[in-house]
Every structure is written in structure tokens, then in C-alpha cells.
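For reference, chains read A, B and C in written order, and residue numbers begin at 1 within each chain.
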Amino acid sequence: MNPPRLIPFEPSQPRNDISPSPLSVRGLTVAYDDKPAVWNLDYDAPDRRLIAIIGPNGAGKSTMIKAILGLVPSLAGHVRIFGTTLRQARRRIAYIPQRTSVDWDFPASAEDVVAMGLYGKIGWFRPVRRRHRALAREHLERVGMEDFAGRQIGRLSGGQQQRVFLARALAQKADLYLMDEPFAGVDAATERAIVNVMREVRTAGSTVLCVHHDLRTVGDYFDHALVLNIRKITDGTVDEVLTGDILQRAYGGRLAETEIHAIAHTT
Amino acid sequence: MMASEFLSIDLPAILVAVLSATSCGLLGNFLVLRRQALIGDAIAHVALPGIVAGFLIAGTIATIPLMIGAMAAAIIAAGLIEIIRQAGRLESGAAMGVVFTTMFAIGIVLLEQTDASNAHIDAEHALYGNLESTLWLGVTNWNDVLSREALSKLPRQLVTLAGVTAAIAILITAFFKELKVSTFDPGLAASLGLPVKTISTALIVVVALAAVAAFEAVGSILVIAMFICPAATARMLTDNLARQLWLSVVVATIAGIGGYGLAAFGPQLWGDSHSLSAGGMIAVVAGLLQTVAMVAAPRYGIFCRARRRRAG
Amino acid sequence: MPDEFFAILTFQGGYNTSIVLVGVIALGIGGGIIGVFSFLRKRALISDAISHATLPGVASAFLLGTTLGGSGQNLALLIAGAAATGALGVLCVQWIRDHTRLPEDTAIGTVLSVFFGLGIVLLSHIQTLQASGQAGLNSFLLGSTAALMAGEAQLVGGAALIAILIALLLLKEFGAVAFDEEFAATLGWPVAQLDLAMIGLLLAIVTIGLKTVGLVLIIALVIIPPVAAHFWTIKLSRLVVLAGVFGGLAGWIGGGLSALLPDMPAGAVIVLTAAAIFVFSLLFAPRRGVIAWVMRQLHLRIRAASVRGLLAMAAGYLPPDNLSYRVVRLRGYLDGDARITESGARAAGKMRRQNQLWQVYRNRHPDAALAFSPLAAKPIEDVLPPDIIAALESEIR
């Protein structure tokens, strides 16, 4: 007797046929040398939500974002963005890298950097015109940085630099924002500005995926969370995810028992 | 000094010096900002093996095959550096050191093994250049300068360099945005859909082209000085990329004219009739200009920084 | 010919040849050992700046020699001049790096080209003097093309030996500074002085070898052997030994070849031998070599694919992607008719059980589980004691 025929693999049906998930990842595996950074990750991001990616240091959070954007090579797996390939969806994504990833001594002003977000729209061979500069200043205003438009970026504080990056992402007018630890080492004003902007873009219909470190604020700032520790531990609404059991599984002994309870209780 | 002597000897040399300095200096801005300053160094050093290989393959010392050889060597070197850096997971300085010294050694072995050394390809010329041999014959006075006959006798190096400089200026203007964003933040550039890898490869190819066009006249080491010093000087003076590019052109021009002037006419000041190496002197003047900028630049010079530190 | 080569390599090629060979071997060993430290500090090209910065020193010393009435060919004086401007060059690089906004690579490029330019200006002046012995200056640029002299080789070899001795005496301190400057500082070591001593030794070896292999190729002797050695080991003591061995080997074979073939310039042949050692190491070194790395990546991909394929099959699905499909087909787990084979059923069942066990284990002991890479191909039974497995199994049911 023959065994039954196997059927094609359909891990998850699209939630609805009208709008495909902003980000859908299957079997994503990334390894630096022979140490895996992300292992066999399956994930579907819910539409129009603010999503935190949490997990301990070295859990592969930044690596996951970079692999999605094709900035680091992945060993296996595939990524669909709004139901199409990365190449086709490029214009719909804005990426905010970690602040340390660029040379802040570069000869550019805050306005210059925000205008870079418009380069895709301006197109090849066309210079940056006055109206683009005006647009850039508008976006700086949205993050409370209009007074610093002409200043060289190296002479801004860390928080101000982060807000310039934020304004640049806004200028890209994306449907999916990928942010790599925007809250790291910023002042309270910047933190508020980032949260406000995230809520604005959600209202406008965009999705935000954000690597986040501070577990105490996850519940306040985000709707959903993806818990990562090389593998996906779980994902869901922040209420579902921020339980003592799940945090224990993700962080293990790296998070004190009392801390886990405190975080799990605040939500 | 006779007008004819100036027109036929000094003017073409000065123009060649200024054009080489300008073309290399413009590109140098991006090399310095990309932390690739030493790619210019590596490319300049592999000119020797390229020229010798060009001679061996073509069998003549005609300029075109030698230049093609140098260009090919530069591109091969840049490719090898990238391959070795990635495959060996090495710091780029180490990869460059391995590649350019090895290719230089190959060049020397080839040079000794063939009769290339008899055929006037001496290594010193590749290293020092020979600015003084650029001659504009058939011009005797200023009235003739724009005549058709005189223009048709312009030295070939001068014409080539003018073309290369114009091409570089046009390319940088046309792709200014793309060069700027891919230099500052390659990640963003990629997410804007720009071909980041193609842009950096194209930059290296144009750097190789500028180096090859320039070192025939001024020597490979001067080429390094022109890639780095004007850009570094301009970098000390401004925080605006477009202004930095313009400033580097100004610095390159001053270095070209000043260096040639000092080399050709300096020794006469102390009664020596011989002239000195113009290529070397241009590098020295460029270095002096950079030193002045590093010490006395308005915001970033060490004087100002020291004063601010005392004040604050 | 091979006999003659063998005779040269075994120091039976005559007195002069043997002395020269010993000299270049010592130079190679010294370059390799001393180069390790600047390689570890990611400052390999500082030697580029040093070697080019020696040219104005050599030219000045020649001028000084002729003015004082000598021939200008005094090797000791030339080396002293080279060392002086080489040192000045290093100080300039450090000053630009530390006191201006310009990064180190720009500083190195500035110094090497401007100093070299000055050297060329001085050389062009020397040419007009018609002093004797100018031809000797050319060997500083491209290395000696003629056979080396025993006297010169003795000087080079002796100086290299002293530099090697100093480097070995300070090995521990240099290593600490090169690996972790701040840690060395907390131990109370004089980091700045040690740094200077390291650069000083580099300067010494570069100036010693300058006339023998030439200004550009001496850079290779301090860069290539350490880079080649790092493919084989990352332990400092072994790195130093290997870099020394590689450098010495390059000197031995390269020096021997150039003694055998009169129109082969010694410096270039030594560098090409070192380059051959580099290419061999890059490709074939067991862990960090390119071939080993590619094999490992391939192995990883196949393993990840087989896990994906088997888990999907265990759940009744076809393998989810091309690679995993091909892997299970190749292993005979799936027939061409999309049916799971007998061995496939066994493998898929085993994989599912392993996966479940690991999952339970990870949930219960997240910290301990982190110690096990998902890529470790071992079954869980080989890694965990039976009583834990039994506990996990009971949890699955």
C-alpha cells in the first residue's frame, strides 16, 4: 500500500485577500560564520500596527531587520513585503538604522539628511530643488527640529540625531517602517517625539516594526510584539506576549524574577 | 623670460598639473569620506606592473597600450582587494597591503625579465612622472594661442586630461545626490532602490581612469597626494559637501600652479639654473596647504579648537 | 639546476651567497614577527606611510654625506636618515589622527605622498649635482637588483636579530596592548610607551630592509606574513611564531631563487614567495580558510534545508522550498510521486521527535538551551542525560 501523497506547503493563509500582510517571513535563517543569528523564523506582521521586536542581546533582532532588507545575506528563507518581493516593495519601506551605523562627521546639515529621504521621489539626474528643501523642513518640524535645519549633523545631540533620522524616514512616506533601536540613548523629548510620530503614521495607515530594548515601555508604546531569541519565541498583542512565562522563556535568567513580574503586571 | 618659452614649456605643464590635480582632487572627496583614501594609493602603486604588462602584451611603448595596461591593473587590483577582504574577512588596509605590494613585485620581476627596462620604461618615470616633458610646439607668442594650427598641436596628454576632467565634473554633477547618499548611508541608499554596489564600483573605475590619465604626466605618487590632500584640506574648511568639492578644486589649482612655479623657478632664486621635480613639488605644496588648514582652519583647525576648549 | 638550488638552500652555495641568505631570512622573520602587532591593531598600512616617508631622509643623508666630503654612499648614514624622516612621518600620522577631524587612512595617505614628493624633489636636486654613487639610491626605491653583498647582509641580519629579540622580550606586553588597549591600561602598563616601542620596531625593520628589498616591497614583508598566519590561528604566541616562520620561509626560498637566477631581483622574489604562502593560507587553512568556510556554509544550508523538509513532511506537507525538496529527494526520503518513502517516514518521525524534545527543553531551561547551537547536528540523546530526556518525553505526552 502506498503512503498518501504529500500536499504543497501552505503554512498560513493570508488573513484576507484584499490586503496582504505588510511583512511575511518564512524560514528565515541567518548565520554569521557557523553561529546562527536567526533560525528558521516564520512571521506575519499585522497590518497598521506598532510592533516591537523584543528579546535579549544577541537574539538576532537587528539581524532580522537587516536580512529582511537584504543588507545581510540570509542562508535560507524568503520574505514577502505587501505580498511582493523586496525589490518591488522597496519604495514602500523606510529604514532607520542604528545611530552608530553612519559617520556623523559627514559634511551635511540636518536638512540635507532629511532631503535624502526624498531622493527616491526626486529621481535620477534631478537636483534637490527649493520645494524639496521646504518639504524637508516640514518633516523636521514634525519632530520638533526646525530650529536645527542648517546645523551640521555631527553638532547635534544623540537624541536630535535620532529625530533627524526619524524625519528622514517620514520624508520617505512609507507604508512599512523598520526601526533599529530608535529609543537607544535618547532624551525624554526625543522619546516622546518618536512615540508621537509612530502613532501618527499608524493613523495614516502604516505599519511600524521596531527593535526595542526597554521592556517597561513596550506595553505603553506598542500594540504588538514579536519575541525573538534566535528563534521566534512567540508573537501577538502586547497583552498576550508580556507574561512572566514568555519573558522567562525569552530572557531566561538574564532578567531577574522580580523584574519579570513587574513588567508582566504593568500591562 | 621669453613668451615663447613660457607658452611652449611652462604653460602646458602648468595646465597638465592643474587638470590632473583637479580631476583627482574632485574624486578624492568621495574617497576620503568613504574611508577609501588608500584605494588611491593602491591603484597608483599597481600602475607599474600594468604598464610593464601592457608593454609585454602589445610589444610597443606606444602610449595607448601602456595606459590600457595600467587601467586594467588598477581595476584588477581593486577587484582583488575586495575579494580578499570579503573572502578572508580582513580589514581593508591589510587586504590592500597584500594586493598592491604583490602586484608591484610582479611588475619588478617582469621589468627585469624583459628588455622593457631598455625600452625607456623606467620605473622611476612611473613613480615620479615627467611633467617637464609636456611640450606645446609651434606656439611662439600669445597671439597664436587660439589659432587653429596651435590648438591642433596641443600636447596629447593635455587634451586627454581635459577630457577626463570634464567627464569627471559632469559625472559628479549628474550623480551628486546618489554619490552623496550612498557615501553617507549605504543602507538608506539601498532602501531608496539605488544600486549601491554599482555606484561604488563605478567610482573605483573612474578613480582608476583619473589616476592613469594623470600619472603619465605627474607620476603615481603625486596622484596619491592629489587624491587626498585637496579633499582633506577642503574637509577642514567646510561642512557642506558641494562647497567642499569647489574648495578642493581651488586647493588643487593652487597646488598645481604653485608647485610647478616653485620647481621651475624656485632654484633660480638662489642662483641655481637647474629645475626641481615638479611632480614632487606639487605634492609638497599640497601638503603645506593641508597643514595650514589643519592648523588654522576657522572651526576645525587646532588653534580654534584649542581656543574653544580654553573658553568652554 | 635543482641540485644547485638545493645547494644554495642548504647554505652550500658559497660564502657570500650563504651570508646573504641568512641575512634575508633574518629580515623575513623580523618583518613577520613585528608586523603581527600592527596587523592586530588594524593599522597594517602604517608601514606604507613609514616606508615612503624614509625617502627624504635617504636623500638628505646622501646630500649631507657629499657635503661632508664623503661619497654619500655611507650605508649607516643613509639608514639613519631614513629612520629619522620615517619616524617624523609616523608622528605626523598620529598627530593628524589625534588632533584633527581627518581619519587615519587619510592621514597615512597624506604623509606617504607628501613625504615621498619631498624625497623626489631632493632626488631631482641630487641629479643635478653629478655626485658619485647616485645609482645606489635607486635600490632604495625598487630594491637591489644586483646580488647582495655579504657585508650589507651581515648588517641587515644583525639588526633584524636585535629587533626580533626585543619584540620577543616584550611579546606579552605588546600582545595585551594590541588585543585590548584599555585592559592593558587598567593593568597599569605604559600603553603609550609600548605603542611607541611597537612603532619603533616597525620603523627599525622597515629601514633595515629598505635597501635590500626596496621602499614599496618592504611593506609586503611586514604585512603579508602576519595576514597569512592569521588564517591558521588567532592565538598570539602561535601567530607570532607562524608569521616569523612564513617570513623566514619567504626570505629563504625567495633569497635562494634570486641567488640562483641572476636577473631575479631578491626583494620581488621574496615578496612573491610570501604572496604564494598567503594565497595557500587563504584557500586551504583548515578553519578560517575560504574553502573550509564555503564548505561550512554549504553544510549549514543543507542541514537547515533538511530540517525544514523533514518537519514539513512529518506534518504531511511537501518540503516548502526548492533546496529542501532536492535534499530530501537526494536522500531518498521522498519519491518522484510526492510520496514519502519508508526511510523518509522514519527520518521525519525522528526529526519531529527531536524537534519536540528540544522545544520542551528550551521552554523549560531557556538558559541552558542557549548553549546548544541549533546547528549542532547531534541528536538530543547525545547531548542530554537520559533522565532529563525521560522528563521531557513525559511532558510531550
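Quick notes
Definition applied: a contact is a pair of C-beta atoms (placed from the backbone, for glycine too) under 8 Å apart; a residue touches a chain by one contact, two chains touch by 3 or more.
Quick caveat, the model's predicted, so the values are computed rather than measured.
If you sketch which chains touch which, every chain touches every other chain without exception. In this assembly, the chain whose C-alpha centre lies farthest from subunit A is B. If each chain is reduced to the centroid of its CA atoms, subunit B and subunit C end up 29 Å from each other. Spacing of subunit A relative to subunit C, judged by their CA centroids, is 38 angstrom.
Averaged C-alpha coordinates give centres for subunit A and subunit B that are 43 Å from one another.
Annotation for subunit C: residues touching 2 or more other chains are 101, 293.
Multi-chain contact residues of subunit B (touching two or more other chains): 235.
Across the complex, subunit C is touched by residues 32, 35-38, 40-41, 45, 84, 87-91, 93-94, 96-98, 101-102, 104-106, 108-109, 112-113, 123-124, 127-128, 219, 221-222, 224-225, 227-229, 232, 235-236, 263, 267, 272, 274-277, 279-284, 286-287, 290, 294, 300, 302, 305 of subunit B.
By the touch rule above, subunit C contacts subunit B in their complex via residues 39, 42-45, 47-48, 52, 96, 99-103, 105-106, 108-110, 112-114, 116-121, 123-125, 128, 138, 141-143, 145, 214, 216-217, 219-220, 223-224, 227, 231, 263-265, 267-269, 271-272, 275, 278, 282, 288, 290, 293. Residues 101, 293, 296-297, 300-301, 304-305, 307-308, 312-313, 316-321, 323, 334, 337-340, 345, 362-363, 366-367, 370, 373-375 of subunit C are the ones touching subunit A in the complex.
If you check the complex, the residues on subunit A that touch subunit B are 69-71, 90-91, 93-95, 97, 101-103, 106-109, 112-113, 116-117, 119-120, 122, 124-125, 127-128, 152, 154, 168, 172. Contact residues of subunit B toward subunit A in the complex are 33, 174-178, 180-181, 183-185, 187-188, 190-194, 235, 238-241, 244.
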